[in-house]
Each structure stands twice: as C-alpha cells, then as structure tokens.
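Down below are the structures I want you to see.
Next come two complexes built around subunit A: one with subunit B, the other with subunit C.
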Partner chain A sequence: MDAVTRRLIKELRDYQRDPNPQVVELSPTSDDNLLAWRAVIAGQEGTIYEGGRFDLDIVVPNSYPMQPPTIKFIGRVCHPNVHFKTGEICLDLLKSAWSPAWTLQSACVAIGVLLTSPEPDSPLNCDAANLLRCGDMRGYNSLVRMYTQLYAVPSTAAIMSSTS
Partner chain B sequence: MSSNPALLPLPPSPSPPLSVVASTLQAHMSSVHTIPPATQNQNEHRNLEISVAWEDSTGDEKRCWICFVEEREEDVSKKVRWVRPCKCKNSLKFAHEDCLLRWISEKQGPITTDVKCPACGHVYAIEESTDVVLAILTFVDKSIQSVVPYVTLAGVSMAFYVVSTTFGAYAVMTMCGPDEGERILSEANWGWRTWIGLPLIPIGLVCSRLTAADAALPLLPFLVLGNDQIRLSLPPSPALTVCLLPWARLLYNGVWATIWPWIERIGRHTPARNGAVRSGGAVGQAAVAGQQEDEEDVQEFSIGRRDGQRLVLGSLLLPAVSSLMGTLLGSIPWVRNKVPDPFHRNILGGCLFVVCKDVASAVYRAHRKRQRRTRRVREYRGD
Partner chain C sequence: MTTPCRFYALGTCHRRDCSFLHDRQSMDKAVCAYYQKGQCRFGNYCALQHVKAGSGSVTSKSHSSQTSQASTSRPSPVESSPTTGSSRKPATVPSAGNRRTFIPSSAALGLGAASIVVRGGETLVESRESVAGEKKPHGEEIPLETSLCGLSLSAGRKGDVRQEQPSAGGFGVEADAVSGFRSSQPWPSDYPQEQSEDDDDAEESKLPMRPSYSNIAKVGVPAMGSSVPSANPDDSVVKVDDTPLCPFAMQGICRFGDEKCRYRHGLTCPVCLKQCLDPDGSAEEHEAHMILCHSRMEQKERVNEDIDCVVCMESVQTKSDSRYGLLNCDHCVCLSCIRQWRSNQGMDTSKSCPICRTITHFVTPSSVWPRTLDEKMAIIEEYKLKLSTIDCKHFDFGQGTCPFGTSCFYRHVGHDGVAEEIKLRKVIGQEDDLRIVNTPKLADFLELYENRR
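Then we have the complex of A and B:
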C-alpha cells in the first residue's frame, strides 16, 4: 500500500469516527479509485447559506499530501471567491498555504468557513464582490439567498429541475 | 487568492489536533470577523489546549503529521527515524524524517531557502554536509539568478536605444540629403548631444501625434541641440528648423481647432434633405437631434482613426514621405529655383503632405457623415 492510499484511508476512518457537523458527506466516489472524492457541506444555520447543501468535487494528486487536493463546487454557488460557472474556489490553503497538516475534511470545513467570510478583494465572481465592496449588504444577502434557494436547497432545486 | 485572516490560522495550529479544531470551528464562527490575525490566535489556541478534553488516544503515541502513520503500525524491521523538529505539540509534534524532508524539498523548490513549520513558524534546522566547492557554486548560482532580470531589462533597453539611434540617423540622412547628412553625422560633430538627440527623433515623432506632448515638444530641441547649433538665419538652418517645427505644429493644430467647428457647421447644413420636409414647430427639435447625432458620429470616427498602430507607423514614416514629397517638389523647376536646398524642400514637402492628409481626412469624414445621414431602410417590396 503506498503512502497516499494509506493516508487517505486514515482520513476516511477519521471522518467516519468523528465527522464535523458541517461536512455532511465525505467519501471516495468509488472503491477502486481513492484519488477522486465527493463531499457535501451544509450551509451554516443562521447565515445566508442556511439550508443549502453544497457538493464538492475533490481530486487528490498522486503527490498528496505534499501537494494540495483540487477542490471545486459542483453546483452553482454565489460567492465572491467562487467562480459562478466552473465552481473554482480561490482559497490560499488550496494553493500556496497548503501543508500536509490539513486533511480533506479540514479543507472542506475551511471552505465552509470561507462561505460566510468572503474576501472580496480577490474575487472570482466580480458581481458578488462588487456588491460587498460597495457595502450593499441587503443586495448581497438577497442575491446569495436566492441562488442558495435555486441551486442548493434540495426541495426547491428538485422543483426547479422538474418544472424546467 | 484569498488569505482570510480569520481562516488562515485555524486548522494547522500548534496545539489542538485537527479534529478538535474542526469541531470548535463553530465557536469561532460567531466571532470570526473580530479575531485579529496571528498574535491573539496563539493565545487562544493555548487556552483551547487546556480546556479541550483529549479525545484521541494519541497521548503518547507517535503519529507522523504528514503521512498519518502511527508508530505502533510501523514495520519493526524497517528503521524509520522519528523527529520532533519544532515547538508544535500533540498531533503535530512528531514526523518521519523522510516525510519531513520531502515536504521541505517540496516547499523549497530549486533554490535553498529556509522552511518554516506551517503551524508554529519555527524555522526547521537542517544539518547537511557542505563543502567549499558547493558553497561557491551555490553562491554563483544565486547571484546569477538574481542578476538575470536586470540584465534582460538592460539588453532590451539597449536594443531599443540602438534601433532608435539608427532610425534617427536614417531620418537625418533622408531629410538633410547625403551631403548635409554626412556633415551632421560626421565624427567631428558627433558628441553627447548626438547620442541623446538621435534616439529622441523617433520618440519625438511619435509624441508629435499626441496632445499630451504639447508642453514638452517645443522645448526639447533647444535643450538637446544647445545654443551653439542654433543661429538665426534665413533660410533657417536644419537645427533652427527642428526647433521651430514644434511651434509650427502647435500653431497648425490651433488653426484646425478654430476652423473645425466651422467646417462641421457647413457639413450639417448643406445636405438639408434631413430637415427640409419638417414643418415649423419640429424644426427646433430636429436641429437638436441632428446636433446630437453629429456628436456621436464625431466620437465614433475619432476613436476609429486614432488607433495605436496607425499612429506609430504614420509618424515613423513621416521622414520617408517628406523626402519623397521633397523630391517631387524638386522636379518642378520653379520650386527648385526658389528653394535650392534639398533639406528645405523636404521640410516643405512634409508640411504639404500633412496639410493634404488632414484636408483629405476631413473631406472623407464629412462625406461619410453625409452618407450616414442619407441612410434609409428600403421597404420590402415582395409579398
């Protein structure tokens, strides 16, 4: 068993034993490929992302944990640091600030924290970032709530897709 | 890249194990915006370490924070060295030496730099065998690495300088003709003023097309040529002409600016097809509408005309075009008698060309505008 597999199995076991409440799901997509993972994080209660379930696509490189995993959102997420179309996430821990002390789970938690503490000065979604930058909190909050309802709340998302 | 101050110091922290940090994240959430980075955080984590109960059984168990393998799982036959490289505690305390060395090389890249522990910031102390040859070569390597950008910049500027100077010399030869040109560029006259002046010729030519240079251009030739070269004479010497040209340019642009609105007005009234049919009350409105339309047209044209490539190319070709016009003028015997010096004929030719070009482009614009105004959509005459 190589080092990557061994560590990933440990991470999976750690998650199953003590899952973070915000990380609803975290598992490899199939049994024979441990390098592709799928995660679901829940929007924090009491925040504008409340009620949303956000799917994350995780690709683990062969050099893990020396190199960070590639994580992106699968569905649409309205957030200054998330690309609206591709789901790409701008977060330093997934690039230069990575260290082997992070795990897939803690990275997912960090992404959950990023949702509620955006950094509008390095935007991937300029429209959302501009609303924040000019202090239009009412506009920003309602925009995020709308997209969360449309794409990330399971019941409405199902209605939306069945009607269209 | 978002380096959120609230986010950064959370998981890889010196004290609590990751699972604990993760579960205490929610506690942070409420005050996430008020946590100042770094300094206060360390204290906070120290408190956490005391208050949070230790759920992991890893108390004394060594677990490598990089590959997560614990000591008891280790194959006894293999000799693995464990290290405690920094002041981190608990889950970040121990690592395999091999794992840590891999991480350090990953962080370092090709150049040897200090690597800090991602959590506590302690610089890893590394022992390695060194010798004089390696030290010297490393020093040389680093010096070359740091000098490369400057040398590149210097090379590019030198190339630009050489090209500009060559163009300047070419401009002098074409404008002054071979005899006078040889004299100006001869070794006897070649001084620091030539070194500065020649490369400034193409720059000055390009600047002459920009209104931003209006303030600088009239003074520049005086500064570069110096008092010795400039003598008041009639007909003016090449040096004096060069000094006078920017002033002539300002005057010429001023004349255009004055007569331009006047030309515009002609353009608007002559093709009266537009407003002719309209009756009394609507005329005022129509005129206003027409004016707005014109302003839009002008904008559209001025942006279209003034793109960078045309501007640079046009201004750099000016000496060649001037000399061509000068030669053409020289073929007329009357002009040849009145203006015997080829330099003056070239200057005259250049001025003539500029005037012709501006008149032609004004006519072109006016016609385009008139055409635009006569535009109608034809009715479809089929079924």
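Then we have the complex of A and C:
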C-alpha cells in the first residue's frame, strides 16, 4: 500500500469518525479507485447560499499530499471565483498555497468558506464579480439566491429538471 | 569470468562458485578509484592500489598488507626511488590476506611500529617501539602467537632480512612457493623485496604455527617480552590501561565471551546492562556514563510516545525511516515527508512548515523528538558539528563553488588541508547599516537588463 492510499484511507476514516457539519458527504466514487472522490457541501445558514447542496468532484493526484487535489463544482454555482460553466474554482489553496497538512475535508470546508467570502479581484465569473465590484449587493444577492434555488436546492432542482 | 572479484581481492570471498575472476594477479591491478579522486579515506590501509590518475606510478603507499603486520606494526610509507618507481609493480603482493583490517588506531592499541625505508637498492627495516598489547579486532581470527611471529620477524629484520628467514622454522616451503610466484613478476631483479617477504610472513602466519620462546628471545624485543609474557592463551588477555574496551561487548554482544576475547571487557553498566564501564576508570567516569545512560533511556522511552507526522498522518516511529525532521517551529514531521515536501519546486510555500508556514532554511534529522527547546538546540548543534567534518561536494576541495557559500554546513577545505579563505565584501550604508555584498555575477546584470526591457 503506497503512501497516497494510506493517507486517503486515514482521511476517510477521520471524516467518518468526526465529520464537519458543512461537509455533508465525502467519499470515493467507487471502491476500486481511491483517487476519485465525491463531496457534497451545504451552503451555510444565514447566507445567500442557504439551503443549497453543492456537489464537488475531487481528483487526487498520485503525488498527493505533496500536490493539491483538483476540485471543481459539478452543478452550476454562481460565484465570482467559480467558473459558471466548468465549475472550476479559483482558490490559491488549491494551487500555490497548498500545504500537505490540508486534507480533502479541510479543503472542502475552505471551499464552503469561499462561497461566503468571494474575492472579486480574481474572477472566473465576471458577471457576478462586476456586480460585487460595483457595490450592487442587492442585485448580486438575488442573482446568487436564484441560481442556488435553481440548481442547488434539491427539491426545486428536481422540479426544474422534471419540467424542463 | 573476466571481471576480477573485488571481494576476493579483499580476502572476503569464500564462494567456490563465484562468478567473478579469482586471480591473484588481477588483485595487483585493482586501482583505488577514490584515491584517484583524492578522497580515499583508508589511506595506507586501503586494500586497492593507490595510483595517481593518468600516470602509472604508484604512490608512496605501503600496503599494510597482512594480518599480523597490519595488527602489530604499522609500516610507514615506502619511499621508492624515482628510477624504479615508475616501472615496477607495487611493493606488495596483495595476498588473500590483504584485507582491510579494522584497526582503530595503532597508537591506541599500543602497537609497535616498524618503518620500512627503501632507497635505491638498500633497505632499512627499523623496528620502533614494540608491542604493548596484541589486541586485535574480531574480524580476524588469527591466533595471538601468529601475530607475535609476524612481529618477531619484522623486528628481527633490523640487520639482515634474509638471515632471519630460517627463524621462521618450517615456513621455507611456503616461502619458496610464493617466491616462485613472485619470480613471474616483471620486477627488476635488483628491486628489494623485503616488502614482499613481509607478505610471505603474513601468509605463513595464517598457519597454525607457534613460534618458540627462543625465537622471540633471539629477536630481543624487551618491551614485548615484558608485556606479552608468552603465547599461552591464559595470558592472552593483557591488561594495559590504554587498550580499548571490546567494542562488541560495549554494544552488548561479544561472541567470544569474557574469557576468550582479546579485548578487555568492561564492567556491566547497571543502567544499560552493557559491558561498557572501564574497570580502570574512576568512579566519576562511571557516574558520568550512567547519567548518560539514564538520559538515553529516557529518550528511548519517549520514542514510544505516539507523535504523528502532519503530512502522512502516521506515527513517525512506525515508519521504516523513523526520523523526525526538526523545523524552526514545533510541528512534527517525519524526515522523509518533509524532505519530499521541500523538494517540491512548484509550490511557493515548500520551504515553510506545512502547518504554520514558518520558514525553515534547513531541516535537522533527529531520531528522537525533543521535548524542550534546549534539547532541540543540542540536537541541531550536534548535527551541524557532524556536517562540518564532511567535505562539501560542491566546494570539491577548492575546485568547485558552493552555492551556499559561507552558510554551508559542510567543510570547505582544499586538497592541501587549508580552509577556504572567506572573502566577504561588506558595505556600510549611509545609516551605518552593514550589508554583505555578494560576488557579482554576469547573470545578475543580464537579469536586470531583461527586467528593464
């Protein structure tokens, strides 16, 4: 068993023993491949992402934990630092600021925190970032709430997909 | 079967079915590659030939070839005359016994020293202070008396070497056989062969022959007579103050036991239960050792404490390489993990602690996890001290340049043993601030130029 596998098994066990409330789900997609994970984070209560469940696709490199995992959103998320179409996340933690002390769980928590503290100066979603930069908080909040309702809240998302 | 067996050359290959060449002549030709680079740490005791790179000449290295010679006397370098030096074979026939012997220090063992000086055709064999004790390492299992034999012969050669030959008694046949072998060597006939005969003696000394008392008496080595009374096994353990304790017993296992071991066995330390207390040592020394033992035991117990590496999340002690890497902060990482992380070029933060991002410029390996700052500092200092005895490979004895400069932990010493001259350009600024200016390099200016454009 190589170092990556040992560490990932340990991380999985740690998550199952003591899950962070924000990370609803975190597990490998299949028993065969420990390098592909799926996570679900919940939008924090009291924020514009409240009620949403956001799926994350995690690809762990073989050199983990020396190299960061690749994490992206699966569904559509309206956020200045998330690409609207691909779900790519712009977060320094997942690139240059990675440290092997981070875990998959803590990275997911960090992404959850990123949702509520956007950084509009390095945007992937220019429309959302421009609203923020102009100070149009009302417009930004309602836009995010709408997309959260449309794509991330399970009940409405099911209705939307059935009607469309 | 063309590649010579290196282990045979060292006398340690016992395989009959060895797939490498077992050839005495090939052993002559085995050249020490380390010496050619200038770094053979075995010096005169090297089993291989010391030949300078590019030239065929053998340097003034006398093989302290055989068991008895190596253990009882330490020949000083042979000064060969320039006329014979370039053409002849090396002075010794590196026989099967030409093995690298573990000799801590001939002085420490209280051994006698015989120097052999060869100038032109005439030979002088001087025997210096004779044996104080015949202690020998465990690697060789030569009876004590044979080492006496070798000594007696070498010491007896003061006058005439050939005349001493008969005193070796029944060794004549053996000597003839070897001289027959030697006659096939392309040496000049006038080349003095005393060195080789030493080897003959050495080979003979492997035989379970015991020299008579008269032999030793004839040789007339007074010191030897007093310190080594006889070849009687009962007296073989000679109590001499400066002989070292048996290193194996000090580690806890000596397969010879207290009675048969040539070395002195110390008293058993009540703490570590190893025979490492010098019987002749003072009570203070014993006390100091026991205190040291206690602290070591404590460290070992602490090892059992379960500290997980923050990178691999495993207990460092359970890993195959159970060493910690000490950082500037107090976070625990295992050495292999932190080294892997620090070699990670793509990350901006690789030189910092994975947890707190404290920059650490060097990681100190440690087998124990220090509990206090003082302990940590002691470990770091010890590590630096150890590194300062190792030659810097970048500096390369003055031929290269070390990118770490004056901050390098390794030793910067040239071939001549002179330490590197440190040239620092210091600049005092307007506000009396002292700055150290690096040696300017062309690349710096090019970079500056590129940036301006």
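In the analysis below, the second predicted complex is superposed on the first by the 164 of 164 C-alpha atoms of A that agree within 3 Å, B and C clash if a C-alpha of one lies under 4 Å from a C-alpha of the other, contacts with A are read in each partner's own complex, and residues count from 1 in each chain.
Quick note on the criterion: a contact is a pair of C-beta atoms (placed from the backbone, for glycine too) under 8 Å apart; a residue touches a chain by one contact, two chains touch by 3 or more.
The shown structure was predicted, so the numbers you read here are calculated from the model rather than taken from an experiment.
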Point to revise | Superposed partners subunit B and subunit C on subunit A - clash or fit | key: clash
Exercise for review: Could you let me know whether more residues of subunit A are touched by subunit B or by subunit C?
Suggested key: B
Practice item. Could you say whether A:Gln44 touches subunit B, subunit C, both of them, or neither, answering first, second, both or neither? Key: first
Practice item. Using the touch definition from the top, say if A:Gln22 reaches subunit B (first), subunit C (second), both or neither. Key: first
Practice item. Pick out the stretch of subunit B that clashes with subunit C after the overlay, from 131-139, 185-193 or 347-355. Key: 131-139
Exercise for review: Would you mind listing the overlap between the subunit B footprint and the subunit C footprint on subunit A?
Suggested key: 3, 6-7, 10-11, 65-67, 96-97, 99-101
**Study point:** Interface residues, subunit C side, partner subunit A - complex
**Key:** 310-314, 337, 340-341, 344, 346-349, 352, 354-355, 357
Point to revise | subunit C-facing residues of subunit A, complex | key: 3, 6-7, 10-11, 65-67, 96-101
Check your understanding: In the complex formed with subunit A, which residues of subunit B make contact?
Key -> 1-4, 6-8, 10-12, 18-19, 21-23, 25-26, 28-29, 32-33, 55, 65-69, 92, 99, 102-103, 106, 118-119
Review point. So in the complex, which bits of subunit A are touching subunit B?
Key: 3, 6-7, 10-11, 14, 18, 20-22, 44, 63, 65-67, 81, 90-93, 95-97, 99-103, 105-106, 109-110, 112-114, 116-119, 121-122
